[in-house]
Structure formats: C-alpha cells, structure tokens
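There are structures below to look over.
Next come two complexes, and both contain chain A; in the first it sits with chain B, in the second with chain C.
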Partner chain A sequence: MEARIVNKGQLSELLDKLAKDYDLIAPIQEETVTLFRKISGAKDAFLEYTNSDISPKGCFLPQNEKTLSYMYTGDTLEIDKPEGAKKTVLFGARPCDIKAILTLDPVFEGEKFGDEYYSSKRESTVIIGLSCSKVLSTCFCYAFEGGPCDGTGSDLLFTEIGDKYYVEVNTEKGKALADAYSQIFSSQGADQLAKDKEELAKKLAGEFVRKVDLTGVKELLDKNFELAYWSGDDQKKCIGCGTCTYVCPTCHCFDIFDYTTGDFNGDRLRCWDSCMYPEYTLCAGGHNPRPTRKERVRNRFMHKLKYHLDRYNMVGCVGCGRCVKKCPVNIDITKIINDLKEVAQNA
Partner chain B sequence: MPNTSPLTPYPVTITKIVDETSDVKTFTVVFDDPDIMENFGNLPGQVCMLSVFGEGESTISITSAPTRGKFLEFTVKRVGRLTNVLHQMEVGQKFGVRGPYGNWFPYDMMKGKDLFFVGGGFALAPIRSLIDFALSDQYRSDYGKVEVLYGARSMDDLCFKSDLAERWPKLHNTGIYTTIDRAEEAWKGHVGFVPSYVEEVAPSPENKIAIIAGPPIMIKFTLPVFAKLGFKDEQIITTLEMRMKCCLGKCGRCNIGSKFVCVDGPVFSLAQLNGMPKEY
Partner chain C sequence: MMDVIQQLREQAKKLLEEKKVDLVIGFGQGTELARTTPVFIDSPEGVSKLTWGPFCANNLAKYLTDYKNAPGNIAVVVKGCDSRSINRLLDDNQISRDKVVIIGVPCSGQLEWQKVAAEIKPGASLKETADNGDSFSVKTDAGDYKFDKKDYLLHRCLVCENPNPVVSDLTIGKEQPVKNYEDRFAEVQALEQMSTEEKNAYWDKQFSRCLRCYACRNVCSVCTCQICVFDQMLPMWVSKRTNLSENTAFHLTRAFHVAGRCVDCGECDRVCPMDIPLRKLNQKIHKDLGDLFESPTPGTKPGLASPLGEFSPGDPEEFM
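Up next is the complex of A and B:
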C-alpha cells in the first residue's frame, strides 16, 4: 500500500485548494455542536474534535433532500429531478463513521433498486478519513472490528504523527487526489512513519474503557423475539425523543413528503425519520404494528444487532458511542449488549 | 442492472372511476407514456406507489389483473389526506405512479389446484388481481374451481358488486359466496360474519389453496377455521399491509423482523408468517 506525508503546516493550504476545486465538506463547529458542512476554506474547518456530534452520513443521505419538483395544473403534470452530485471531498471523517457509510451502501445500492441520489454523491465523493488521536469513554468501535486508525472504506486516511500526517492511499480515487496535489502529498519518508502509526493504533487499542463482547448476542436474538428483557425498566425509560436515531451514523430511515411552494408546484423531499416515533409505523386505518415504546426500542436494537446482519451480512452498529452519549435517559447499547449476553448465558 | 431511479413517479391519466361504496372508489388509469404502460409488467399481488402531488405517496395494491388489458386499477378507501384528495379527482385528471413493487401470489405453485378466495371489506382489492388472472382466457385451464367468499359490514359496504353478482358467477367453474354482517331488508343473500360462513361452506383442503385478505380481526378468526377444515399452513396465502414510504426496502418502516413487507412481501404463506415475529 502506498503512503504519503503531509506536513501539518500545509493542511490549510490543502483545504483551501480542495475547497476551490471541489465541494469540500469538513467538520465545523456551530455553537457547541460539531458537524459536517460544506466549507469555503481552511478557516471554517474545526479539527480539534474527538468525534463530531452529528456524523457525516448526511453527505450521502442528507437530513433533508429534494428528490424531485412537480408542477401540476390539473391537466398537465411535469416532474423535474435535481442534477447529480458535484465532485466532492469529505474531509475528516472518523474511521467508525466511514465504516458506517459501508453499512449504508447495500441499503441504497441494492441489487434490484438503486438510489440515484445516494449513488451519485457516493461516486463523486472522495473520502479522506482522519484517525482518532484519542479514545472516548463512550467509544467501542473495536467490538465491531473497527479501530481508531482503521482506514477501511476511506480513499485516503490521515493519521496525525507529531507535526505530520501519515497518509495511507487506500484506493485509486485517493491516489488520484494525492497525485493532483503532489506538492503537498510528499512521498519522501512515508515508510518511516508507518511504524509510528502502528504504534499509535496499538496504544489507542488499549485505551478503550467500555468492555463490549458480542459473543452469543446474535444467536440469542435469532431464537428469541419475545424476551422479558425488552419490558425491563431500562428499556421502559425511553422517552421516544428519537435523538439516538438522528445521531446514529448507520440509521437510514427516511420519510417522503411534498412541500407545496405555489398554487401548482412544489418539491418532494426525503427527510430523516425515526423508528422511535409512534407515527413511523402508524397505518392509515389506525393500526400500529409497533404501538408502544417496548416494541420500538426492541426494533431499534434488533435492527442494529440482528436485522442488518441478516439482510446485508453487516452489523448495524459501528461503536461510535453517540447514542450512548446523547440519550437523555441513559439508554446504553453497550449495556444492552452485555445484558443480552447475560440473558443468553442464563437461558 | 438495478433500477437507479426507482423514486421517480410517472404521470397517469384517470380514465374511469367507479364508486364502490360511500368511501371506496376504484380508479382506472393509463400511463401517459405508452412505453411504460406496455412494459409495466405487473403480476397479481403487486403494489404501486401512488403520488398525489402536494400530499405525497401511498402504497396501494394493483386491483386489476395484467390479463385484463393495458391499464391499472386501484381501489382506494378514503382514510387520510392523500386518499381524500384522490377521491376528489375526476376522469381526465392526472397523478403519479411508480412500481410495480413487492412479490406476487405464487401462481405457478397454484397451477392444477382449486383456489378458494376469502375477502373482507374492501380487502377484496389485493386478491381480485389473482382472481381475474386465474379466470382469464389465457390461464383459466391452469386452475381448477375458483371460489370467492366475500363479506362486508352491510350492503353499502360491498365492493366489486358487478364482479360478484354478474361477471364472476357467469364464468366457468366458479363459486361466489357473498355475506353481510347484519340482516337488511333488501338483502336476499347470506347474513353472518366471514369466519362462520367459511365454516358453513366448508371448503375441502384437498388440492386447494386458500387466499385470504381482510382486516386483522377477520383474518384472526378465519385462520382457525381453515386449520379445523384440515388446511395446512402452506396452503394458506395472505397479503399484508404496512405503512411504507419508499417501497424499495430502504425507508425502514415496513419490516417484520429482518423482512421488509415491500420487497419480501406483501404476499406470505401462513407457513412463512409462522416463522416471523408477530409484529404486523
């Protein structure tokens, strides 16, 4: 595998150039929230973050996205679709969030039905990952075979080593970008930093405080849909706010609705939705297959730990820890995993 | 190659509207683009997404059989915002359709067998496509006797009246049984609930497939009757409803366990359902 070096002093220059040549999406700070947005240059970027509050999944599945516009007069009906995506660079995505994008791919790039909106952004985006330099108390990516310096899914992976970034070139797309800015991406001395990166990865791997072991969990869920566990106090305390689903990098549920902007015309929008809301499954006649929080909480965790695996052979969680950190009533997927393990052992 | 633009609806024009009941209408539509109409390729049991611009989309089953001609029929009950606007539309007006989606009734597996249909309320709509498919000149010889047992709350709630009273009974080797829940002066037919009428008619399980669609309560009480008559779970087919937004297995909400009703269903055998969580 090829590697390059970028001096930290040259990062601003790189970001400014990328912003000029591409749509550049990078972490920014909005009040106290770190999230990914299109930036006009290095001055907007906020790189002093551990992990962003909101994941970069919106690069490919925006929170609100126009899928078409319509003009209907009663006699004539015209439907227009937005143009495809522009060439984009996503800079600074953490390894867990990049892995999350890989779990979204099979959902949107299905065998039978693709998704032009997702695929067009996915194809025209170069993903530049940024290794973590710190492990948070809520992190548990290792439980899903991830790691703070894991480049899986990235085109380029930057790892901070002293006053340099060690850059792993993981794809042809990444190589093309590095080659295009060869005055910044130096090939000299990259090999020496490879060892430093290995050591950093090893050091960080030892810093996880959350012990999460998935052994037996999937097997238990395969055999048991009805578990008394889902009616337990820990699950009942969910207030159905939906925060976990909005901050989750692998949640992909969406709603579709029309926004009328004139007498005859309007836009059709696709917006993030949440399985934690009762309306999510409420049928027109009033029937609701998941009428209470118990069913909705169960569905969310079953999706993460079983359903996504069944369908796509990929876990539906990447251990980013956002839902753990943001849940207002402290529902904790790592506790649920460990509890289920215990349930399995006692079964 | 996957269809990369599955969310794009195509304009259709309403060519006919039948008032089935006070709140159920059947819309006959044709695509404005003749190529789309020609190649739509819907099979009995599949569904479409109807776009009523300004309101959004709803999943509606295709009521017509592909054997009946190059058009689509949708039977729609007025229950919410979108269906309310749809019900105000007139012949000549347009809305959008995308599809066809979902699986279909296993009409190959049914070949050589008798078919016993059970429908309740306006839920005759999703199975009517298969009834007409099996009764079509093209495929009639593939199937044995075709029987339809249908019930509604009252005379006013009976859908597809002309099919039940005129079209189907006149066709070769059919049996049509219609019932209403409570007696009415003008009603000369059977009175009683669907499950008890099934028990009365007592179809034999021999070489027969039962296809059931109706409100959950009807299905709940009808399934034990079929079990008592000796039908095996593999011989009982039903079609499910769920709230859907994309119909492509992406928007997430219509799952029953790991299955999505929109792409893995809506048609399931009772044997399949028994292996799935009871969350529908």
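Up next is the complex of A and C:
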C-alpha cells in the first residue's frame, strides 16, 4: 500500500485548495456541537474532536433530500429531477463513521433497489478519514473489527504523528487526489512513519474500557423473536424519542412525502424517519404492528444485531457510542449485547 | 450518601413487602460511572438496584403517566424539582394521588456527567460520593476526585428553587439549604437586552440545528397529550422535513403549550442532543408570568391556579 506525508503546517493550504476545487465537507463546531457541514476553507474546519455529535452520514443520506420537483401548468405535468452530485471531498471522518457508510452501501446500492441519489453522491465523493488520537469511554469500535486507526472504506486515511500526518492511500480515487496535490502530499519518508502509526494503533487498541462480546447473540435472536428480556427495564425507561436513531451513523430509515407549495407545484422529499416513533409503523386503518415501546425498542436492536446481518452479512452497529452517550435515559447497546449474550448462555 | 442509599432501599423494600406499592421507580447505577438510569423494581429483592447521589439527573415523575391505568400503586423517587412535576400532574388530573407514593430526597445539586466523565479515568467504577457543601467528592477504584459545584453542576442546578421536595409521602435524607450560584434570570435578561433582529438571529441559529428527535418533548413531564399535534399525519401541521420554519413552529408551539405548566425541571435542556438552550424559552415565560401575574413556578404548591387559565380584575391589560 502506498503512503504519503502531509506536514501539519500545510493542512490549511490543502483544505483551502480542496474547498476551491470540490464541495468540501468537514467537521465544524457550532456552539458546543460538532457536526459535518460544507465549508469554504480551513478556517471553518474543527479537527480537535474525538467523536462528532452528528455523524457524516448526511453527506450521502441527508436528513432532507429533494428527489424531484413537479409543476402542473394546466396542460402538462413537468417533473424536474435534481442534478447529480457535485465533486465532493468528505474530510476528517473517523474510522467508525466511514465503516458506517459501508453498512449503508448495500442498502442503497444493492442490485434490486439501487438508489441513484445515494450512488451519485457516493461516486462523486472522495473520503478522507482521520484516525482517532483518543478512545472515549463510550467507544467500542473494536467489537466490530474496527479500530481507531482503521482505514477500511476510506480513500485516504490521515493519521496524526507528531507534526505530520501519515497518509495511507487506500484506493485509486485517493491516489488521484494525492497526486493532484503532489506539492502537499510528499512521498518522502512515509515508510518511517508506518511503524509509528502501527504503534499508535496498538496503543489505542488497549484503551477501550467497554467490554462487548457478541458470542451467541445472533443465534439467540435468530431463534427467538419473543424474549422475556424485551419486556425489561429498557422498554420501560425508553421515552420514545428519536435521538438514538438520528445520531446513529448506520440508521437509514426515511419517509417520502410530497410537499406542495403552490396550486399543483411542489417537491417530493425524502426525510429521515425513526423506528422509535409510534407513527413509523402506523398503517392505514389504524393498525400498528409495533404498538408499544417494547416492540419498537426490540426492533431497533434486532435491526442492529440481526436483520442487517441477515440481509447484508454486516452488523448494523459500528461502535461509535453516540447512542450510548446521547440517550436521555442511558439505554446502552453494549449492555444489551452483553445481557443477550448471558440470556443465550443460560438458555 | 451511603446512608441515604441504605434508607432508600429499606423504605422501598418495606413498601413492596407490605404490598403498599407494586412498583418502585428510582435511580440505578448507569453504564457510565457518572450516570444513573431509571430502574423499575417490582420485588423486594430488587431494591439493591436503587442508588442515590449527584448523578441522578432524570425527572422520574415523567413515568407516572405510563402507569396511570395500571393496577396497583407506584412509588417514585423525586428530587425537589421533580416533585413540582407531581403537583402539576395532580393538578392536571393526569395521575391520582392515592395511586402514588412519593419518596422525596432532598438534593444538593446534580453534576453534568460528561464533564465529570472527562476527568475520571475511563473504566473506573464508583465507590461512593459525598457532599461537601460547595463540592462533591467522588471515590472510585481508580482514585478520589473532587468536583466544585459551580463548575460541574448541571446548568439548571446552578439556580435551585426547591432543593427539598415540595410534596412527598416520605422524605429520605436531611433537608438541604437553598444555594444559588447564579442569578435565576440572568441569561433571559441578557436575551431581553438584544434587539429584535439579534434575538431572531440567535434563535434562528439554535433552531436550525434541531434534528426534531423530540427528546425535549418526550422527556417533558408536563407533555402529556396522548397524540401530540406534531405526530399527527392528518392534518400534518409540521412535516418530517427539518428546516428553520418548521423547527421554529415546533419549539415555539411547545414552549407556549407548556406555558404556565412547565415546572422548570430543565430536562429539555439536558437531553437535547444538539445543545439547544430550550429552557431559556420557558424561563422567559416564567419570568413574564412572575412579573405580570406574580405567579410562582408551577408545581411549587398543590392546587396553584394556572396563571393563564385564570382571570383576576387586577391583571395587566397592556395589549388592550
């Protein structure tokens, strides 16, 4: 694998150049919250974060997305589709969040249900990852074969080593970008930093405090849709908000509706939705197959730990820890995994 | 705090053993050292799950409406601020007094768990906590820590009207003095000083961040509508789309819907994943209700008249 070096002093120059040549999406800080937004240059970027409050999944699946506009003029109905995505660079995404994008890919790029809106953005985006330099108490990416310095899914992965970034070139797309800015991406001396990166990865791997063991969990859920466990405290304390699903980098449910602005003119929108909301599964006629919080809580964790695996052979969780951190009542997926493992053992 | 925990467990056990209640809702150790989580205990053996300390932020009165049609009685552990919710729920006929056993615990402030967690060695486990007046000591298996209240308290606890429960059937722990680290309406006054354009810009920036996860609504103890107007599909007052206009409609409607009922527990502020200072909206309303109608914070006494539901000839009529 190829590697390059970027001096930290040149990062601003790189980001300014990228912002000029591409739509540049990078972490920013708004008040106390870190989130990903399109930026106009290095001055807007905020890279001193460990885990952003909101993941960059919105680059590919925005919370609000116009899928078409319709205009009825009296004789004709005109339908306009938005243009394809612009050339984009997603800079500074953490390894867990990049892995999360890989869990979205088969949902939106499968043969059966290809999604042009997603694919267009995915194809025109170069993902530049940024290794973590810290492990939080809520982090558990290691449990899903991830790691704080794991480059899986990134086109380029930056790892901070002293006053330099060690840059791994993981794809042709990444190589093309590094070559285009060859005055910043230097090839000299990269090999020496490879060892430093390995050491950092090893050091950080030892810093996880959350023990997560998935042994037997999938098998248990395969055999048992109904489990007494789901009637326990988690569904009692869940307040039914959508926080866990909206901060989750792998949750991808959406709703489609028409927003009519004039007489017969309007937009068809696709917006994030949450399986925690009662009306999410509400059917015409009033039937709701997930009538209470018990079914809704179960569904969320079944989706993460079973359904996504069944469909795509990937766990639907990447261990970013956002739901653990943000849940108002401390519902914790790592506790649920460990509890289910115990249920499986005692079954 | 160990004696309070011990007494809590004893009292809860007694209530369950004597079948005075079928369920005790209290605080249990959470999955982070500096967090607790709501626990629902239905047998005397379960009471060892109960805990107490400076990490009991949640307002558990919220859960009472979940059980209003369940058979049997419910005991709930409340702090001073949470106990205002109980008065409010009673006045709103949301719960019946004879179904609820209120276990009040005087509280000397709750710490912001993220701030505490940032200081403590990851993976450490909690041994005990102690209140030293202006700070809390937190003993862990990885060392002892001290947290000054003025720096580590939840924002809402810097000003506390009721450290002691305003309504309870049994009180555990000793009475706490009122202690404020800030002026209650300082932030609201600062906002009031802004021009209309500045205020607009301030709130536009806050509301445009909103994800509409509805955590603020769902955690609110006085949001008790069975079907919220924002969940209605027909008519769809706000869509699933997030934008400034619909986000603003949501937050302002909510703020006014709980006006005169909001007990200022500050849970909306605490749970917002986007750190939108939602409590300021309701604090402005509290301030105005106080200034205009000399109305106390809702829930501070049972049977308080609703300031917006009652007319008296002396009410100001500056808009007429």
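By our rule, the second predicted complex is superposed on the first by the 344 of 347 C-alpha atoms of A that agree within 3 Å, B and C clash if a C-alpha of one lies under 4 Å from a C-alpha of the other, contacts with A are read in each partner's own complex, and residues count from 1 in each chain.
We adopt the following convention: a residue touches a chain if its C-beta (ideal position, glycine included) is under 8 Å from a C-beta of that chain, and two chains touch if they have at least 3 such contacts.
Worth saying up front: this structure is predicted, and the values here are computed from it rather than measured.
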item	value
Fit-or-clash call for chain B and chain C when the two complexes are aligned on chain A	fit
Touching partner for A:V107 - first (chain B), second (chain C), both, neither	first
Touching partner for A:P278 - first (chain B), second (chain C), both, neither	second
Which superposed partner A:Y307 touches (first chain B, second chain C, both, neither)	first
Touched partner set for A:H287, first chain B, second chain C, both or neither	first
Touched partner set for A:G74, first chain B, second chain C, both or neither	first
Which of chain B and chain C A:D255 touches, first, second, both or neither	both
Vertex chain A; arms to chain B and chain C (CA centroids, nearest 10 degrees)	90
Shortest CA-CA distance in Å separating chain B from chain C in the superposed model	6
Footprint overlap on chain A, where chain B in one structure and chain C in the other make contact	255, 257, 273, 282
In the complex with chain B, residue positions of chain A that touch it	67-68, 70, 72, 74-77, 79, 81, 107-117, 119, 225, 252-258, 260, 266, 268, 270, 273, 275, 280-285, 287, 289-290, 295, 299, 302-303, 306-307, 310-311
Chain A-facing residues of chain B, complex	2-9, 11, 32, 51, 53-58, 77, 79-80, 83, 92-96, 216, 241-243, 245-246, 248-258, 263, 277-280
Residues of chain C touching chain A in the complex	30-32, 35-40, 58, 62-63, 66, 114, 117, 122-123, 205, 209, 211-215, 217-219, 231, 233, 239-243, 267, 270-271, 273-275
Contact footprint of chain C on chain A as seen in their complex	30-33, 35, 53-54, 63-64, 135-138, 207, 209, 233, 236-237, 239-243, 245-247, 255, 257, 259, 269, 271-274, 277-279, 282, 324-326, 328-332, 334-335
